[in-house]
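Paired with subunit B in one complex and with subunit C in the other, subunit A is shared by the two complexes that follow.
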Partner chain A sequence: MHTVDLRGVCCPTNFVKAKLALEMVDEGTVVELLLNDGEPVKNVPRSLKGEGHKLLGLKQAEEGHYVLTIEKVGE
Partner chain B sequence: MLTDEQIERYSRHIMLKEVGGKGQKKLFDGKVMMIGAGGLGSPIALYLAAAGVGTIGIADADVVDLSNLQRQIAHHTRDIGTPKVESAKAKMTAMNPDVTVNTYETWVNAANVREIIAGYDFVIDGTDNFAAKFVINDACVLAGKPYSHGGILQFDGQTITVQPGESACYRCIFPTPPPKDAIPTCSRAGVIGVLPGVIGTIQATEAVKFLLGKGELLTGRLLTYNALRMKFREVPIRKNPRCPICGDNPTITDLVDELDAMNVCDIQNNK
Partner chain C sequence: MADEKKRTTIDLNNLKAGGFIKERGKDLFTVRLRVPGGRMTVPRLKKIAAVAEKYGGEFVHLSVRQSIELVNINFRDFDAVAAELGEGGQRVASCGARVRVPTACGGCEYNPNGLVDTQKSALEVDEKLFGTETGHHKFKVGFAGCPFDCPKSATNDVGFQGAVWPELNLNECIGCGLCIKSCTEGAIAADADGRPVFLPEKCTWCGDCVKVCPTEAWKAAKRGYTVRIGGKWGRHPLVGTLFATFLPEDRVVEFIAAVLAWYKENAEGLGRVRLGDIIISKGTDSLLSHLRSRFPEQVEEKTIPPQVIDTQVGDGIL
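Moving on to the complex of A and B:
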């Protein structure tokens, strides 16, 4: 699976980078985003949902960061 | 592919649903020709450069004068005596080194306007005289090139976007220039300094939207603005079937200068 590591990237640059990564893949592709706890995990999923993408899952990893699984919707 | 620095610089664009990385690329690939580097041209130049419009052409034969600085915000006190196109280019590239600025240190006229606008996607009229406004309209209509008209005087401004063949052009509204003595210029009539900021910024917005292919352009409606009463008004304008250039039986089929509409200083400069 395509994974984008956005740990250590501040808001809103993490969202901007996630959005650019999703632009690069075909519709229906599932992408995994690694996000820090706090602001990033609060904001990025919501913003990507606002863009029309489908949130498939959000799990906290043992190391403390979050793994957001998202399906690209739209061209 | 955007660099990390570009991602940061354009992040507030990329975040927008209507822009994104793809839209930002459209702006990079966009070519906008702006005629006039004065009051209207200043905000146009600065905002287009800031937005990352990749190629910006800028035409003006004038040099910066002390009396310009009350409204022509791309020019600074130390630029007095410098060609306006050079002064504007310096600010644009200092703000955003990503953009290419082509300068044309000339007045536009029937002999050169066609060549100046060729190769650009969108044209912006930020000039201060009717001769230029008519010849820019005619050149854009004949070349089928979309453009934004803007005009200001005292406390009033107006702007309309023209999609040749599809929407009304400047001559659909004003078939010929006003009588020679009925034309006051900014230098004779005065202009409130913030006015070109409002109108020029709207014109730059139209160029950006055109390049993005998003939203609705200001076509088929003349937007007028009065700063004293703080009122915007929209006047619907249909294509005029009797328009001398884009009507059913056009009488203007080639570019000509409207000599009567020229300012005395323009005529001297065109010699």
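Moving on to the complex of A and C:
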């Protein structure tokens, strides 16, 4: 599983870093993004959906951050 | 030697809606431009720059209500300024006791939060109601595309805020939990299996659940404007209160016209008084029932009067 740690990264840098990471994987790859609570977990999923990727799920980790699972769609 | 004096001729029709505002210096005026919703095409902007350079001062001013104001315009140049702006499709705005140019947020085509087409609404209102004399005081209208409400809709005489009514189809839900986390109002709870449960009384109709939902389990069942009436700022600020919900976008002009009719009638003889103060003195029921006859499905059963903001300066008694 590809994991991109975006904890401690502010909006919109976290979204742009997620975009750059997704550019490096093949279509259909499932990627986990680690996001802080607050703005990041509210904004990043929606923005990635807007880019056409498939949101699969969101879980809170024991440490308090969130793990967003998404599937890359498109090249 | 009166016969040697050069007579200045000005087309007074250009001044009918206002928009030419006296400055400090002799002969000089600010010309407020009509920019509904604050959207300005690039060619128009270039034309304005050319006119400002030719007739105006060293700068222009961007007004709080999204207008460009040309400063230091000599009144003898009014006709030329109006004519040259007109070549670029740019018209002069209004001031005084009239319906002002509506404000709006950027637009739902590119702003991901936008729920309704505020730019379209602003253009429509500008086209149909611009410059309408109220007989009493200024009358401002503003459009916000979502409950973030960047344009501060409730500080207008009539303020519109985009809204969607979300509807959940659990058959489509994959239980990803994104909507629960996205809802800042706590209007979506989780059931024992972690699936969403909608608590409509908490919902502010922002549509965040619809926007984040990966499977379209959440859909916009209804779309329109949340309407607040009676706001103003200035010396004695009021925040407008809720009069209608889910007003269809294509009935905005009709709604404002109905509010204007009530205002004209009820402020009769009271002089220069804003709508919000009239609502406070006459009570909200009169305006509610006036509007309900035309908008029975949208108008609220009850509301509260415009809310007074205590500025803490002066005693606030007029």
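Please note the rule applied: the second predicted complex is superposed on the first by the 75 of 75 C-alpha atoms of A that agree within 3 Å, B and C clash if a C-alpha of one lies under 4 Å from a C-alpha of the other, contacts with A are read in each partner's own complex, and residues count from 1 in each chain.
By definition in this document, contacts are C-beta pairs under 8 Å (C-beta built on N, C-alpha and C of every residue); 3 or more make two chains touch, one makes a residue touch a chain.
As the structure is a computational prediction, the values presented were derived from the model and not from experiment.
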item: Touched partner set for A:15, first subunit B, second subunit C, both or neither; value: first
item: Partner chain(s) touched by A:51 [first = subunit B, second = subunit C, both, neither]; value: first
item: First, second, both or neither for A:42, with subunit B first and subunit C second; value: second
item: Footprint overlap on subunit A, where subunit B in one structure and subunit C in the other make contact; value: 47, 50
item: Contacting residues of subunit A [partner subunit C, same complex]; value: 41-42, 45-47, 49-50, 54-59, 66
item: Subunit A contact footprint on subunit C (complex, rising order); value: 112, 174-178, 181-182, 184, 208, 211-212, 214
item: Residues of subunit A that touch subunit B when the two form their complex; value: 12-13, 15-17, 19-20, 23, 47, 50-51
item: Residue numbers on subunit B that touch subunit A, as the complex places them; value: 2, 7-8, 11, 14-15, 17, 20-22
